[in-house]
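Structures incoming, each one as structure tokens.
Both complexes below contain chain A, partnered by chain B and then by chain C.
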Partner chain A sequence: MEQRGLYQRYLNRFGWLCVAPSVFLFSLFMAYPILSSLYYVTRRWKGMANSFIGLGNFARMARDKVFQAALGHNFLFMAVQIPLMVFLALALAALLNQRIKRFRGPLRLALFLPSVTSLVVVSVLFRVLLQANGFLNNVLIGAGAIREPIGWLNDAAWAKVTIILAMTWRWTGYNMVFFLVGMQSIDPEIYEAAEVDGAPRIRQFFRITIPLLVPVILFSAVTSTSGTMQLLDEPNILTWQGGPANATMTAALYIYRQAFFVNADFGYATALSYVVVLISGLFAYIQMRLLGDNARSAR
Partner chain B sequence: MSVVRSWTPGRLASVAVLAAAAAISVFPFVWMVIGTTLNPNDVLRGILAPGRELASNWEKATGMYDLPTFLANSLKIALLTVALGLAVNGLAAFGFEKYPSKARDRVFGVLLLTLIIPQIAIVIPMFRMFAFFKLLNTHAAIVLPSIMSVFIIFFMRQNFKMFPTEIMEAARVDGASELSILLRIVLPSMQATFASAAIYLFLGQWNSYLWPLITILGDEMKTLPIAMASMMSAYTIEYGALMIIVCVSVLPVLLLFLTMQKQFVAGLLGSVK
Partner chain C sequence: MRKVPKLLLALALALALAPGLAAAPQKLTVWCWDPNFNVYAMKEAAKLYNKAHPEVAVEVVDMAQDIEAKVISGLQAGGAGLPDIALFQDFRIEQFLSDYPKAFVDLKAQGVDYAKFASYKVGPMSVGKSVYGIPFDTGSTGLWLRTDYIKAAGLDPDAYYGKSLKWSEVIKLGETVKAKTGKPLLSYQSDNFDMLRIVVQSTGGQFFNPDGSLNLRSEAFKKSLALFKELNDKGLLYQVVGWSDWINAINSDQAAGFLNAIWMVGSVKSRPENKGKYMVIPTPLIEGVKGAANASNNGGSSWYVFSSSKNQKLAVDFLKSVWATTNEGTKAFYNEILKGAGAMGTYLPCQGGPNFTANDDFFYKSQPLYKDFAAWMAKVPVLTYTPNYQPMRDAVAHATLNYFQGKIKSIDEAIAAAEAEYKQVMGQ
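And now, the complex of A and B:
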């Protein structure tokens, strides 16, 4: 009995030994930053010196039109890009999932290919493709489709379109693979039964495929939402520092610039990041509830 | 359902739509490879035939810009992150899963809670911390914070669940130590899991932008993404050389993907099963 207790204690100690390096790194690079942000958020930097201002950073935020607009851009990108991408990814997955065996492999490979590029590479490539004297404008003018170059990067409205196009190019194939895996795991007997009942293909898609895919679609919406909330690389490189004139400024990019560029105010930037954490948390909570409800109703 | 497949208009249309989407997906790759052989103006002009400037572009990429250094930096940082990340996270996942305890489960719960914290929210205290330790503008500053990944621990723990505990018990009876159980018995049978985790860690670090952008100041310390981004801020851009650097930065990921498609997708999709 005594010996068994000793052995259990030895196993328990080994367990702690295993997790110790991770817990140490976690404390240093996650727990400490989170806790110390409580200090930063109450302070205001001026040059190298900083002083206590309590909740003053949040009062300042209420008057900060650029930050509010930046948050608005995050929401705009979510509202337009995610549905567009989910629709395209679903459509492509459905087309791939038909009886076209010979072409499926190469087509799937080609459609997934954008996922191997980094966000920096996407931004660089699309900037060179879309700048005023860039590839696409030259081709369009050459073909006689337009007379004047389109301001893909210089026009406030077009710049937003450009960000959405670049994100859609990068992520559609990635999400398509999720959906395809989901579609292929649906029992073929369900479709055979529908076929016997004479349900046309389109009806089968909306009545069988889509409802069974809801958890996968929700999952991809969750990851895309949190990704879009953190959008930074594309507006910083592709449309250059959130330009033109902050038309593509996002919350994360604005925080980065407040902290490390514009006036190096770590306090204000921390307060801004609290808002982003709060919104991300809220979205995560709503989506978890949706996923949970869905799992329950599926049972 | 007929066994003989015929080209109905519907199937023809869907293959056409797929082919168009595939062309859009692949086009930037083709264009960037051709771009490496063109002079800067032709990259922009919309020429899709190979030119003769490859050698001079290569010279610029390695002379005007220091491509070999950027590549070496990126490789060193990514491979170090993979090696240390596999060891640290693999060990943690093993400890959390195979030595169950209430206290450790509570610790794991705390780790999971931080999954929703976006990176932008912690870079400021981290920057101050690395400044305090005088570690800014070092590669250690990039590697150290990315070794531990809650997501990887979670992903590997899920996979460790499938390893039967009875085998570990049997090895204990035979007198094997806990460490040798992990290294000799568990590890060899979990290679696919480690491969997926390695790919995930590699991609995350190879592509990382925000944190290196904040910590790296000197040209000689730059990684490929930072080098590409700063090329774009120059007044004149050598597009041919840029395309070479872009190709070099995409190539390892592409090779990884083509040779290990299954683990690659598992690594990307994580624990979706």
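And now, the complex of A and C:
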């Protein structure tokens, strides 16, 4: 009895010792910033000076049409880009899983590569290709697809298309890898049974592959949603500071500019971040409920 | 017995360390941008300083993007990660001086004589009796034109060389060039209002009232906006978004010229194919606005020392003895960076070098470019920025672009849109 208690205490202590570094890092980089944000959010900052304004930052937000428009852009990118990307990633994964036998490795690598490439580097190349007299417009005009050059970076609507294309280019391969792994973990016997029953390939894909992949699709949708809510690199570098004329300004970029560029107003930036976190959480919850219920009923 | 080796060890250590201490290598870090211009000029300054102080290593870092963001996060962290010296745009520094009042070293208290600098440079860096920066370059502007395209359009560049034109004459020239060569007249950065600002300021117009409130409803601003709308509608602007694309457009022959300051010399010269092609004429005159002149200013930056610097004394000494001292070495230095990058300093005692009047054979007819820019600089009106220049700049640029693209129908609506965005971003 006595000895067991001693051993237990040793285990406890050892256990605490093991988690101590991560507890320390968590409190330093997660708990502390979150707690201090409660202080920041109630204040108006201007560099070194700040003053208490209560919920004033949220009242300001309600008047701030630039931020509201930025949130709208986030929703737009989400609504168009995520379905497009999930569809493409599923199709590519299915092709790589079944149809394409040769060069599977190199293809997988090529599709995955954009997600680990620095966008800062790539955007330099992209911007050259997307100029009014750039490569892409010249090719399209040469092919007779368009008459006037498209303002990929200059026109408010086309710049949004540019962002969506760039995001799709960057993240499709990344999500495809998850789908591919998911597909490979599906028991081939299920397909054999379907084959025996005479189900065509397309039907197998929609009736077997997709339902069994729901958890993976859910994961991909949730991470993509929160990723899109935090979208910053593409509009900051590719379309240059959310341009043209704020047409691709996103919530995260606006937060960054309020804090580190225009105003040094960390209070307002914190309040804006709260809203973004809240929305991301809400979306994740809805998606989990919807797809989660589906997954349960499929079983 | 035991004490002897210890003593010996201590002695050996002391001996080993002593020479190191005597000539301790010291290091200064400088943040700036533009390798063809600021980085180059600061490296030349370091070379001069090293002649007398070979032990000081000056590291000049090219912060291509977001230098302000890195500075703000450093200032917010009480100076952590900041360099000793940084370059700030004249129109940005008031924001930093007002947001972070203790972050910069008062250089007037350190004995810098500001009477020897061009006075319009000293205003933005002064707060009360303190003056915080070492003024660097001027932003005297001109209209840069490609003589080869003017010739290709069947016109004679000499008919324009050295002439003070009106904007209506420039538009006529642009239309001919566009019709004959297909090239728009000006490379134009559509998300930035620098060119608009050049025209507004050529009338003495300001963007803020003396009390710090926005002043966009002036005749000068409305006329300037109308002028650019006309240039836009006649297809005379080659529009790009972003600074680097604008430089690319200029150095890939997308247009027959641009409107900007003397500091573009470095970027133009960085491409050998430009040799002999450019001429720079005075900033065109906008008609119908009182006080309009054939001169304006855009940009210009100055050097600042952070009070968080551990090498504050050294940093101040470096800036003072190269940028704010009159002797043969500094005269040669200011003369050299003018030729090398078109960096025209604003330290008046060092403006007499031969390069300030010399012909430059990189330009059409070996134009004595710097003599011309210096002459135009004398006509530049005094400019007032404020701590809120950047959000105003963004808001005006956004409204202007939307007006050009037809999303905003009239000048009055464009002004209202700019005012609204400014207020929202500022939380007013």
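Basically, the second predicted complex is superposed on the first by the 262 of 299 C-alpha atoms of A that agree within 3 Å, B and C clash if a C-alpha of one lies under 4 Å from a C-alpha of the other, contacts with A are read in each partner's own complex, and residues count from 1 in each chain.
The working rule: a contact is a pair of C-beta atoms (placed from the backbone, for glycine too) under 8 Å apart; a residue touches a chain by one contact, two chains touch by 3 or more.
Every value quoted in this text rests on a predicted model; they were computed, and no experiment measured them.
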Greater residue coverage of chain A in the superposed arrangement, chain B or chain C: B
Partner chain(s) touched by A:114 [first = chain B, second = chain C, both, neither]: first
Partner chain(s) touched by A:128 [first = chain B, second = chain C, both, neither]: both
Touched partner set for A:60, first chain B, second chain C, both or neither: second
First, second, both or neither for A:46, with chain B first and chain C second: second
Partner chain in contact with A:153 - chain B first, chain C second, else both or neither: second
Contacts of A:266 with chain B and chain C, given as first, second, both or neither: both
Chain B versus chain C as contact partner of A:229, first or second or both or neither: first
Contacts of A:186 with chain B and chain C, given as first, second, both or neither: neither
First, second, both or neither for A:244, with chain B first and chain C second: second
Overlap of chain C and chain B interfaces on chain A (superposed complexes): 124, 127-128, 131, 133, 237, 240, 256, 259-260, 266
Complex contact set, residues of chain A against chain B: 11-12, 14-19, 21-23, 25-26, 28-30, 32-34, 36-37, 40, 88, 91-92, 95-96, 98-100, 103, 106-107, 110-121, 123-129, 131, 133-135, 138-139, 142, 169, 173-174, 177-178, 181, 195, 216, 219, 226, 229-230, 232-233, 236-237, 240, 251-252, 255-256, 259-260, 266, 269-270, 273-274, 276-277, 280-281, 284
Residues of chain C that touch chain A when the two form their complex: 65-66, 68-69, 72-73, 75-76, 95-96, 98-102, 190-191, 238-242, 244-245, 248-249, 254, 390-391, 394, 397-399, 401-402, 405, 407, 420-421, 424-427
In the complex with chain A, residue positions of chain B that touch it: 1, 5, 11, 14-15, 17-19, 21-26, 28-29, 31-32, 43-46, 87-89, 91-92, 94-96, 98-99, 101, 104, 107, 111, 114, 116-129, 144-145, 147-148, 150, 153, 178, 206-207, 209-210, 214, 225, 228-229, 231-232, 237, 239, 242, 246, 249-250, 253-254, 257, 265, 268-269, 272
List of chain A residues in touch with chain C within their complex: 44, 46-49, 60, 63-67, 124, 127-128, 131-133, 153-156, 237, 239-241, 243-246, 256, 258-266, 268
